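First chain written, first letter: the chains are A, B, C, D and E, and each begins at residue 1.
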Amino acid sequence: MTTQIGLVFFIAAIGLCVIGIGGIVLSRNLFRMVLALAIAEAGANLLLVLAGYRWDAVAPILSAGQMPAPMVDPVPQAMVLTAIVIGVGVQALALTLVVRVKQRYGTLDMQLARERMNAEIDATADVTPPRSQERPRGERPLPAPAGGAHD
Amino acid sequence: MRNIATLLFLGGLAFLLIVITGSLDFGAPPMRIGTQIQAATAGDVGTANIVTAVVLGYRGLDTLGELSILFAAATAGGLVLGSAAARARPDGGFILRAGADLMFPLLLIAGLYIVIHGHLTPGGGFQGGVILAAAFFLPLLARPGTTPGHRWLMWIEGLSGATFIVIGLLALYRGDAFLTPLFDHGTLGELVSGGSLPLLYLAVGLKVGAELAGLLMRLAQDDEVTS
Amino acid sequence: MHWSELAIELTLMPLVAFVVGLAMVLMMRKIAARLQRRVGPPLLQPLYDIVKLYGKRTQTSHGMLHEIGIVMAVGGYVAAETLLPVPGMNGIAEKGGMITLLYLTMIPSLGLALGVGQCANPNGSIGISRALTAMLAYDIPLVIVIAGVAIHFGTTNLVDVIAQQQAGGIATWGAVQMPLLAIAGLFALQGMLGKQPFEIYVAPAEIATGPMVEMGGKFLGGLFVMQCFQLYTASVLYVTLFLGGGENWIAFLAKAFAVLVIPMSIAFLFPRYRTEDMITMLWKWPVVLGLIGLAFVGS
Amino acid sequence: MTGSLDFLLLLSVVGVPLAALLAPSVVGRWLLVLLYVVQLVELALLGSGDGARSAVSFSLLGHSVGWQLDALGWFFAMITVAAAGFSAAYAAGEWGTLNARAGLSLRWLYVGLQVNVFAMLVLLAAGDMVALFIGWELTSWAGLLLMLLAGGEAIAAARRYIVYAIAGGMMVLGGLLMTLAAAGSLQFDAVAAAIPTVGTSALWAITLLFVLGFSVKMATMPFHLWQAPAYAFSPAPASAFLGAISARMGLFAIALVAIKLIGIVQLDRLYLYFDALNLRNLLAWVAVFTAILPTFVAMKQNDARLLLGWHGVGQGGYMLLGLVMADSLGSAGGLLHVFNHATYQAILLMAVFAVIHRTGTADLNRLGGLVARMPLSFLAMLIGIIGLAGLPPMNGFVSKWMIYRALILEGQPLLFVATVISTLGTVLSVYKLLHNTFLGQLRLEHETVKEAPWSMTIPMLVLCVVVFVTGVAPGLVLEYVAAAQQALGLAPVAFILGGIDSPAGTLDMIWVTAILLAGFGIGAVLFYLMGGRSRRVHQLDNYAGGHFLTADVRYQYSDNFYAGLMHRIRPWYRGSFAWAEEALVSTFGAIATAARGFFEQANPAHWVLVGTTLITTWVMWHALV
Amino acid sequence: MTDLTLAVALPLLAAFVRPLFNAGALRWLGQLIGPVVLALVTVILFAHWSTFSEPFAIALGGFAPPLGIAFYVDRMALLFALAVPLVTLLLWPGDDGADGARRQSLTLLLAASLTGLALSGDLFNLYVFYELAAVASYGLVAGNGSSAGYVAAFRYLMISALGSVVGLLGIGLVYFKTGTLNLAELATLGNELADPQGLAAFAMLAIGFGVKAEMFPVNGWVPEVYGAASRRVAALLAGLASKLAVLVIVRILLLMFPSDEARQLLLVLGILGVVSGELAAYQARDMARMLGWSSIGQLGIVFIAFSLPGEAGLVAGVAAALHHLVVKSALFVLAGPWGGAIDRLRGAATVSALGAGLFVLFALSLLGLPPLPGFWSKFLVIGGLADAGTALHYLGMAAVLTGTVIEGAYLLRVITTLYAPPAGSPAPPRQRGSDLLTAGLFGIALLAAAVMIDPLWQTLDALAVSGVDTAAYQQTVLAAQEAHP
């Protein structure tokens, strides 16, 4: 019984993780990738919290200077707290980048953004791309970077 | 095709992870350090909330790192978005404005309460800090035209972070290890207890609040979108 | 050996070679004549030819190297003869051996090639190019033969080779012991003599006799002398390697002339090969025979 | 006064900044030649068999690294320093001045030369395997310095060279460290002592890695493609120096490692399936093919420098062949050939570069008839090609004779035949070189060409004297060769002043030469004293009735000189090795493009997923099985 | 003796306050604070290094391990920690303005976190420092303001975060099985981790920390990031950050998973890294990405070295890592003006002879020309592989040797281009004085190392002896009471 319930939790945690990873890998939309990342991190955090769970235990808060009952492990909770905040920071930064990419390249499509990035790196380095990677004719040119203040 | 391959790999990964975790002993953790910390918290740190003891005491360095990560993210965000000037944005409307005015003190107090009681009850600097950030961010949504006060936020950010480190360094100066809690533990369960931990949590709260607020403001006010 | 004895030997050996060579030239021309239903030249005709050429008034030299080439061609053979033992005279054969001899015989060719090159006649150059190619073609079977002989007798010293062959009469002759190599050697001999069917380098009608094109007077006379030495050297070398050398002068000369009869007879019955066909010819049968013979020697 | 190895090494180190300082001025360049003389004297004072040990030694990573010059190294070192000296002298006068004006950096040239000498001394005097490898790599890279100088096509050749050289160096490094793992030490004595106890497979690996690695420098097949262009396109003195000695460092190293350290007896342990397919025989056949194939490639060349470069590759085959015979005669022949080859190859390259200096081209189809204009260069080249072709009385004959004899005595008729084939090819090829450069009809644009300046002809002619003298009296050199053989642990050759004295066939070059000269004398008497006086006419006043004399286009038979032969053998070598190299490079390029595509095209996040899944699968599978 | 925690705390403090002195009267303070703090930290660390006698532990917060976080200080940790402020100082972004302040702030954060990675003895704390380093480097990559930089940083962030999720799962697994995070205590629990789950946890941790270490399947970010970021940032990431990430993996390997399988895993990944990196670099057409791929290959060699058992592996690994640290940082600095297409560098030696000379020096060392340190590091790596002597090790040997040949091919292509006659217009790019100074300092360090190779090796050997001594680690850390005296 107990292991089955544990399995459910594990499946939940791993499922979140795998869904998140799959989202990052499969989606082409930058914003969805950030969301997928949040899901994946949630999964990992859930697994971490599970590591500290004890049956029939209470929250690790001392009342009147003593342990009222077996308490769950406080360390994973602290770790998760840290991990969540780290995740928040990373996601916030990712979002700022998404905003900027959207502005500069006018797209949220990873594939397009990457092609344009490679083209830009090549252009900056003054390298002509190999023929097989040349883009078909008639494609729209890169949008000019908006707002010259940052360039 | 590639998607199918990816899904296969995802399925494989999920299967493997379930196999791996399936053999773990759920609900009966070894608690090698957990038990000892539970036993020692009262004497070592003197906070009722053991998680707080862990976060700020036993694993204080993690928290410092975490603060730094937030700071790094905020700085990086600043670097990416630049110090943007406010741009004209549709006004929030009466309800939002009135609501924001109403909520601001409440949020401020709630946030501060959660920060200050972090060592006693669930909650703490991070949770409270986020509420503080919301308190400052809400008026901005309501009145887009107001100057955001980046400089203030920056100073709070910098100084609160510095305070955290300086408190840690003070212990060093005293001859203890870095981040050793200062002051007397006080009585367990009282507001003024847990030595310097509440101070640390206050710094954390202020810093988190300032940073999140700054980040949100930058995102909200970014004006590079002209097209 | 006293030095004076040696000096006499060293003088006599080239001289004998020249005289025998003259006779060989005569024989060659006689055979040709007989095969062509002619009478052929008189006895001293080869010598007359040389004397006549030396005596000509027009002696055209195209430069110093032209002359040196002839000197080298004749001188190289004169030197080579002293390494080739004849009955009663070993000369300095023991100080050189067959490999040295083989390489010394290249000196006249080189000399000739230099002389011809100086003449600046493209036909001569073409002739030299073909002559060198022919050398490459026939030397490969020749070297296989020489290697076989050397390994069979365990020495490269020609004096020892002769001594070992003469030790057991005909049964110990190279030709009996190594028949395949002996046959391969005949092919090489044919090539070495530069007679038909391997005379593309002269090709009178095509390149105006090639190397000889600019040679007149005593230049050509020198080449005639060289031809005497060449015939002698080739046949005596074959005799030395396969027919037991000379027990005495009569047997020696008989063998030497007999060896030459075969290629001569063949020569005047065949037209010439083109260069590449000559190569194919000489690199196919004699080499195969030689390698099989070598395998028997080696085992 | 005795020499000291430290002083010698110090001299050659000091030489590097000196070269940078002095090279731009004519006087400075002659001073630098003097420096080589001083180094040579110092080396001579060291003496051949003394085993002078350097006082400098380091302990590096637990290995003591020191230098000691034994007789083998001394032999090579003498050749090296002398070759550098001659090359330096060659470029000291007009050549340097004119080429500096044309944009060549003489400073780098002389620095490069001196760095090469230093690197080679470090290699040759190696007292242990670490020092050996240090010297080896330094030598490889120092060579690059000289190859890059000329620019243009030399750059491509140098790039190709360095890839080969690094590949060789890495093989050597692998062998070195396999040896360390097997023997536990890198000292010569300890390695030699430990080799007999090493297992056969490890010995295979060690030997193959070393031999293959060193072979790259030797340019033995199948690593032969790089050398000819790399050496040929260097500036004249660099080309002469590199062609003379550089590739022989590989031979030195093979001799040292395969024969001295591993030992011939141990090599016989290594065979494939049959005893006859042992490593020595395989090496001998590789050597023979190296002697044959490049020779015939050389025959096809239309650039005199490339022709000589390919011959350099081919001659290396002889040396290796003699060495792996490992009997007293063969190995002596191989080592002697190193000296002989250095001398005549230097002459030949110098002569060719003298022609280039005067006419501006090395294209064999654009030269001819220069003998009347540049007689001294012609003489030098004539003596050089006689040496290269291995005809008496020049020194090339002696060493080749010894190798032939060794092959016959060892009962290797096929090797012998193959070697002679190579020699015949050499004869053909060098005649083409001589004919197309100096013989035949002089081109109109070369009517006014003058002989090369004395600063260039003197080194050539001095070397000619050396080639002749050591051809007549090879005993002069064989003395040191015998000492080198002893240093290798081989039986020294029984030599006399005129050559070899052995029961199974003697060679006395003094007699042979005397007879040859006497024969020439007789021939000259016959020619000059008998018959009518000859009349000297213009070269072109020949049977065609003066037709050539007036033609604007000269008739020189030069292109595809051996048309008949080429027609026959062309199908046999269709450039298979060059094709294989190209195929290898392009296959490699395709794989590399795929690797690049992995980074540029694939979704990296995807790879994290795939990697994680695969690794976890591997882990679980590993745990379960 | 000053406390070592200052090496982490001071740069953090400086990073926090750096943006405050961005304008006004105290601007000079802002400009000075970073370099001064880094110099101070260098001095502190060097003082520890020079007086180091035996390993010790610092119990942070005064909580006795394993309850609190502990720093473990041995020679290896000190060496890498010392490298951090030193190299950061050399690659210091000296620019001005608000963005300059942020860049400096991020650089300081990066330095602090990398020092933390070197010293920390707590699994989760390592994760935190690692994330800090990651976030700081995202910022630095995006910080040069180019659009490509934003995309590259975003993609880098995604891969890295993906890796972190996997790594976090690994930490979760470890905690599940052992209930502790202290590396020393984990080291005593070797048996509990020596099962399939343990190995899986190791694999996950390796993937997590491997992203920054440019480990094989998780290094897709490398070329685009180095191509898009400013060269000094690339130098910091390729030279410095990757080494500290490798150090973390090595610590985990040595202390928690001392099994052959784990080593095998690293070896295989290293081999794949060498092969893929060098091959890709061979086809690169611009210098920056070429160096990026080349550094993947080099780090493959480092992984191969560290996968070797015993002290030999540690010596070889540390040597290879340090060598690559110096050389690749310097090469990236030189790639500042020269980072573009290789074809455009024709004749660059004529305008910057010193730069070209330095490039040749570093390239030769990378290729392992004997007296230079690169040779000795290769010597140690291959020697170790030859000693270990399994088929897989020989495969590794072949990969390293072949990789060097490929490296030779593409580096020589650059060198010959540098020294080729100039193509006319456009004029070949000229090196900046500041870059030359930085690269020159690295060059001097390299030459000094070449001269002092034997003392260096002895130091590394001593370092390795204590590095593999996990028993000492356990005792030292677990015996650390309260505060460090």
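Just so it is clear, a residue touches a chain if its C-beta (ideal position, glycine included) is under 8 Å from a C-beta of that chain, and two chains touch if they have at least 3 such contacts.
Bear in mind the structure is a predicted one, so any value in this text is a computation, not a measurement.
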{"item": "Any chain that touches chain D and chain B", "value": "A, E"}
{"item": "Minimum number of chain-to-chain contact steps, chain A to chain C", "value": "2"}
Residual chain groupings, excluding chain D and keeping positions: A, B, E | C
{"item": "Label of the chain whose CA centroid is most distant from the centroid of chain D", "value": "B"}
{"item": "Inter-chain pair with the most contacting C-beta pairs", "value": "C-D"}
{"item": "Label of the chain whose CA centroid is most distant from the centroid of chain E", "value": "C"}
{"item": "Inter-centroid spacing, chain E versus chain B (mean Cα positions, whole Å)", "value": "29"}
{"item": "Mean-CA-position distance for chain B and chain A (Å)", "value": "18"}
{"item": "Mean-CA-position distance for chain E and chain C (Å)", "value": "78"}
{"item": "Approximate Å spacing (C-alpha centroids) for the pair chain C, chain D", "value": "35"}
{"item": "Chain A, residues touching no fewer than two other chains", "value": "17, 21-22, 24-25, 47, 50-52, 73, 75, 79, 82, 86, 89-90, 93, 97, 100, 118, 150"}
{"item": "Shared-contact residues (touching 2 or more other chains) in chain B", "value": "6, 10, 13, 16-17, 20-21, 24, 29, 31, 33-34, 37, 58-59, 62, 65-66, 69, 72-73, 76-77, 80, 82"}
{"item": "Interface hub residues of chain E, defined as touching at least two other chains", "value": "124, 128, 131, 135, 138-139, 142, 150, 153, 155, 158, 162, 169, 176, 179, 181, 196, 200, 224"}
{"item": "Which pairs of chains touch, using the document's own definition", "value": "A-B, A-D, A-E, B-D, B-E, C-D, D-E"}
{"item": "Contacting residues of chain E [partner chain D, same complex]", "value": "155, 158-159, 162-163, 166, 195-196, 199-200, 202-204, 206-207, 211, 216-224, 261, 265, 275-277, 279-280, 282-284, 293, 364, 367-371, 375-376, 378-380, 382-383, 385-387, 389, 397-398, 401-402, 404-406, 408-409, 412-413, 416, 419-421, 453-454, 457"}
{"item": "For the chain B and chain E complex, residues of the former touching the latter", "value": "16-17, 20-21, 23-25, 29-34, 36-37, 40, 44, 57-62, 64-66, 68-69, 71-73, 75-80, 82-83, 154-155, 157-159, 161-162, 165-166, 168-169, 171-172, 175-181"}
{"item": "Residue ranges of chain D touching chain E (in the complex, touch as defined)", "value": "58-62, 133-134, 137-138, 141, 148, 151, 155, 158-159, 162-163, 166-167, 170-171, 173-174, 177-178, 180-181, 588-589, 591-596, 598-600, 602-605, 607-612, 614-616, 618-620, 622-624"}
{"item": "Residues of chain B touching chain A in the complex", "value": "3, 6-7, 10, 13-14, 17-18, 21-22, 24, 26-29, 31, 33-34, 37-38, 41-42, 48-51, 53-55, 58-59, 62-63, 65-66, 69-70, 72-74, 76-77, 80-82, 121-122, 124, 126, 188-189, 208, 212, 215, 218-219, 222-227"}
{"item": "Residues of chain E defined as touching chain A within the complex", "value": "124, 128, 131, 134-135, 138-139, 142, 145-148, 150-155, 157-158, 161-162, 164-165, 168-169, 171-172, 175-176, 179, 181, 224, 227-228, 285-289, 339-341, 344"}
